[in-house]
C-alpha cells in the first residue's frame, strides 16, 4: 500500500508513561543509556560534570515509557526511570 | 417529440470515416462519462463529450451540428483519464476537420474587433486559426 | 558584448560558470513579442546556473497546436524542421554532441515533443516528411525536446537552492501547470494527475507552496479568441480556488495561460465585481527575483497585475 | 508383418463436409501392413468403438489409426477402447484431421483432402513402430499442502481433513481467516461474516488431520506429484499459545503502538496483541518489529505481568520440513492500492476511504462503538482499480457491485436519514439472489447513478468532498458535496502469489491471477501435476464461488490420491544398451537427474524421468531414446510428411509441444482460423526432444522450413527445456550455415495457449520465407547429409 494513515484512536490508546532520573555527578559518560534507549529520550549534554564527563540529559521526556533499559545497563547506577508522577507522590509523603 | 432513428449503411460509413480520421476505435467507448466529468469546457457544450462519442458510435451525422467539438479546448483531460484508453481529443479534432475540410470555418477573424486583436498574443491567434479555420 | 552579457558581470555568478554549457533553445512567437520578459528572465537565470541557452538559428513557428488527425502530416513538417536545425547545429560544430532542445512555452514544448514522438513511432511518416523537405537534411530523430522545467530538474533543485540569494520567504505561491506540460502521458514532464516539479522548484526558491486542486485544469486555451466569457469563468474558478487555499499569487510556464489567467482578469471583474485581482508570474521571474537579479530582469513592471505591491509587503522588493 | 486398421471419422459432418473421407480411407488402403481402412459417422460413439473392438478380434489387428479429432480430445476414449479389446493402449495413433485440417481449411475441400491423406499417412508410418507398452503406475500418499488460510484454504483443508487426508495448512498471518475475517456481512443474505466464519476456523483447529502452520511462510518447494518436498519458515510469536489465557494484561503495559492490520490501519494496536477477536489459534502474538527490542530485551513488561508465563522471549524462527503428495494454492488477493488512482485523493483526503475501511467501520458501528462519524451524505465510487486502462487493469473484479450494494443498504438501514449514492459504470448482479438484492437496495432508497466520477476535491475548511461525474442517463453533470466517499476497490493478486507461482511453475493469465489448466474442463487444475487452485488466487470471485472452488480443488486432489497409485503414460527415456559406450555425456544433462551410469552403461530412473527427451540430443551414439516418440518414429513421421511433396510444393514442419503448441493448434482449428496448407504439425512432449540431427535430417528429406513451438518458460512443465531448445536450434543453424543453407529456415517460438493469431502468423510467415528462398539446391543438401554426426559431435568422439 502506498498510503499510510494515522489511526483514529492514536490519542485514545493508553501507553505507560515514565520519567528518567539522573545523578549527573556520578556519570562516567559511557553513553550506553543514550545509545540503547529505544525511544531516543536521551542525548549527550555539552556540560561537564565534576568528573569531567558529559552526562546525558533528557531531550524528549514525553517519549519515556518507563521501560527501564537505561537503569538496567548503566554501569554506574546513576540513571533510572519511574512511572510518571510516582516520584513526586513519594517525595510529598 | 421523440425522434425515431433508422440505422442505415450511411451511419456505418460515418462511423468508419471518423474512426479513420481520429485513429481511434470509437466503438470501444462504454459510456462511463469520465470524459464529460473531466471536461473543463462542458458547461458551454450542448451535448456532453460522452454523448458526442455515442452519436459517433451510432454514426449519426447530427453530431456535426453540435457545438461540443468547437467548445473543446484540446486540453487532453479526457485523454489521460479514459478507462478504455480512447483519445477523445482526436475524435473531436476529426469532427472539426470534417467540416473545416469542406471550407466551413468556425470563426471569422475579421469579425474580431481591432483592439481585441491588439490585445491577444500571437499564440492565441495562431492556435485559434489553426483550430477554427480550414 | 551584448548589454545582457554586460549585466552578466554584475550577476552573482562565479566566473568559472560564466561560460556555461551551451544548449539550443526554441523561443517561439510569443516570447519575442508579448512574453519578452519570460525569455529574458529565463536566459538570465539559466546563466546563473551555468547554462547558456542559445537561440535556435533560423527557427520557425512550431504551429502552436498539434494536429491530431491521423492523415494530417503536413502540419508536423514545421516542428520537425525545427528539430532538424538542432541536428544541423551539431553537424556544423556550433555545438558538440548536444541534442537537447529546450522550450519555454508549454505549447511549443508540447508540439515539438509530440511531433518527434509521432515520427519516431511511424517511420513511414518520417520518410514522407523528410522527402517533403528535400532541401533540408533528413531528420535523424536524435533530438530530445525538453521543457526548461525538466532542464532545471536535471540540474537539481539543491543546486538551485544554493544559487538563491534572496529566498522568497513568506511568499505564498500556487503553481499552475495547465494542460500541455502534463497531457497526454507520453508527452508529460511529470505525473499528469499529481505533478510536483513546480512545487519542488518553488520550495528551492524558499517560497511557501500552496497546492491548488485546479493546478492542472485547463485555462481555456485558444477558446480565448472566440469565447472570452467561458475563459474568464475558468480563470475565475482557478484563481479564486488558489485564493481560498491561501495563495498570494500564481505562477505559470505558458504565455497563453498567462494571458488567460492575467489579462482576462479584466473580464472576470466585469462579471464578478467582488473578485480582487491576483498577480500571475512566470516561474522564471520568481527565480530571477530569488537569484537576486536586477528588477529590470525580473520585469515585474510588465505583468498585467502588478506583483510589486505584494512583493514589497513581503519585503521582497523595494 | 504388422496388421493395422485405419478408421476415418465423419465427425457428423464436421470433417466430411470439408474432407472427402472416402478418398482418404482409400489412399492408405494400398499400404502393405494396412489390413483395413474404413470410414464411420461417429468413431467416438459406442457403435464406432464397438466396430474397432470387433475388427481387432475379427481381423487380428495389432495397430490402430483413427483419423478424427484431436488426441487431446478423444485420445483417452480410444485408448480405453483398445484396452477393452485386449490391446496395449499405446499401439494407437490419431490423425488430427478435424482441428488440423477440416476446420482451418474450411472451404478448400481439395487441399484439405490432400492434407488429410498426408496426415493419415504420417499416423500410419508412426503406428507401425509403436511398442506394446503398459501404463506406468506410481505410488502416491495422502498428504496435502494447502497454501493460504483464508476461507478457500479453510474449506479445502476441512474437506480433505474430513475425508481422512493429512493436511498441512500454511498461513502467513498469525491467525487463519483471511480477508473474510475483516468483513461485516456477506451479500446477498447478509449473514454476519465473523459468525459464519468462526465455527469453520474452530473446526480447522479441532480437526486431527489438519496441521496448522500459522505465522509461517513457504521457503521452498521441490519435487513432483506424489513427492513435493516443502520447507516452511515459522516466525516466532514469543507467546506460548497453550499457556496464553488471553487475559490481555500484557496489552495494558505494552508501550509500543502501531497501526492494526485487521482494521486496515484505521485503529492501532500494541506490539503484543490478539490478531482478531475470533483468532485461531486463539492466543496473543508479539510483533518483533513493533516491540521496543528483544535483543537485548529493552522493556519486557509483558513478560513481567504474564501470570501463566506464556511470554517467552527465547523463541526463534524455525524451519519446518515435510513432504506432501499434492498441493492446493489458495493465496487469495490484495485490494487495489487506491493511492495509485490519484484523482480520488485517497490518503490525501481524510473523508475518502476504501470499501474495506467501510467494512470495518460498519462492524464497529454495529458493535456500538463507531470509529468515526460517517455523516449523512455518502457516495460509493465503483470500478476503482478495475476496468481501467489508466491503472493497468482492464478486468472486472466481479464482487464490487454487490459489496457496494450491501454496504449502502446496511448504512441506509442503520440510519434512514442518510443520503447514499452509488456511482457505477455497469451494475453487474449476475449471481444467485443478486438481482433481487440490488432491487432491495433500490427499494431502500439507495440512489444508483450511472457515471464514473472524474475527480474528487476536498474543501480545505469543512473537509467535505466535492464529487464531479456525469449522469450518463440524463446527460447532466453532477457536482455535489459528500461527507464521505467510499472507493469500491478492485481485487489484485496477493503479493505472495508470485513466489509460489515461481516455485510451482504456474502460469499467469493476462490479469495477473494464476492460470487454470483449461478454462472449461479443468478450472481448478494447473499444468503442474498435483497442484490445484482454490479461490481468488485464480481470479476475483465471491465467497460462495470461492468455497465451491475450494471443495472442487480438494476433490480433484482426492481423486489423484485416493487410489494410492496413479497412472502415467510411459513416455520415458530408455537406452539402446548395445549402442551405449558409457561416455556419460548425458548424465549431468538431465534436468531431473534421472540418468546415472551403472556398470558403464546409462540407466534411466523411470520415476524421476519426466519424458522431455532433452537428453537424446546429447548422445553421440543415438543410444538414448524416448518411448512413444522414438527416433525411428520421429524420422518415419518426417519422411511420411514429405513423401507426397511435389517439386513445386513448399512443405514446412511444425514441431508442437504437448503442453502448449499442440493445444494451440487445436484452439486455432476450433476458432476456424485458416493457415497455410504447407504445414504439417508433429506432436512432441517438448521441443527439447527435437534433436539438431532430426532437424537436419528433415531438410535432407525435403523440408523447406521448421518451427519449434514450445510453452513459454513460466507455463512450461520442463523448466530447462527453453534453454535446451535454444542450444539445439543454434547448433542446427550453425551447421546449416556451414553448408550455405539459409538459417532463417529454422524458427523457435514460445507460446501461451491464448496466442492464436501469433501461431497462425508464424506458420504463414515461414511459408512465405520458404517460398521466397525457393527449394534448397542439391549441392548444399549433399554436403549436409555427408557425415552429419561429425558435424554434430565434432567427430573427435571415439568409443
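For the reader, a short list of remarks on this structure follows.
Per-chain residue numbering starts at 1, and chain names A, B, C and D are given in the order in which the chains are listed.
Rule of thumb we're sticking to: a contact is a pair of C-beta atoms (placed from the backbone, for glycine too) under 8 Å apart; a residue touches a chain by one contact, two chains touch by 3 or more.
Remember, it's a predicted structure, so these values are computed and weren't measured experimentally.
Looking at B-D and B-C, the interface holding more C-beta pairs in contact is that of B-C. A straight line joining the Cα centres of subunit B and subunit D is 45 Å long.
Subunit C has its Cα centroid 28 Å from the Cα centroid of subunit B. If each chain is reduced to the centroid of its CA atoms, subunit A and subunit C end up 54 Å from each other.
Look at where the CA atoms of subunit A average out and do the same for subunit D: the two points lie 56 Å apart.
Residues of subunit D in contact with two or more other chains: 343. In subunit B, the positions touching at least two other chains are 43, 80.
In terms of inter-chain touching, the protein chains here follow a pattern that is not a line, ring, star or complete graph.
By the touch rule above, subunit B contacts subunit D in their complex via residues 30-38, 42-43, 47-48, 50-51, 80-85.
Chain contact summary for the complex, subunit D toward subunit A: residues 252-257, 259-260, 263, 265-268, 270, 292-293, 296, 298-301, 337-340, 346-347, 371-372.
By the touch criterion stated above, subunit D contacts subunit C in their complex at residues 342-343, 457-458, 460.
Residues 20-23, 40-41, 43-44, 71, 73-77, 79-80, 87, 89-90, 93-94, 97, 106-107, 112, 119-128, 130-132 of subunit B touch subunit C in their complex. Interface of subunit C with subunit B (complex): residues 28-30, 33-35, 61, 63-65, 67-72, 75, 105, 107, 179-180, 182-185, 192-193, 216-218, 220-227, 230, 233-234, 255-256, 259, 263.
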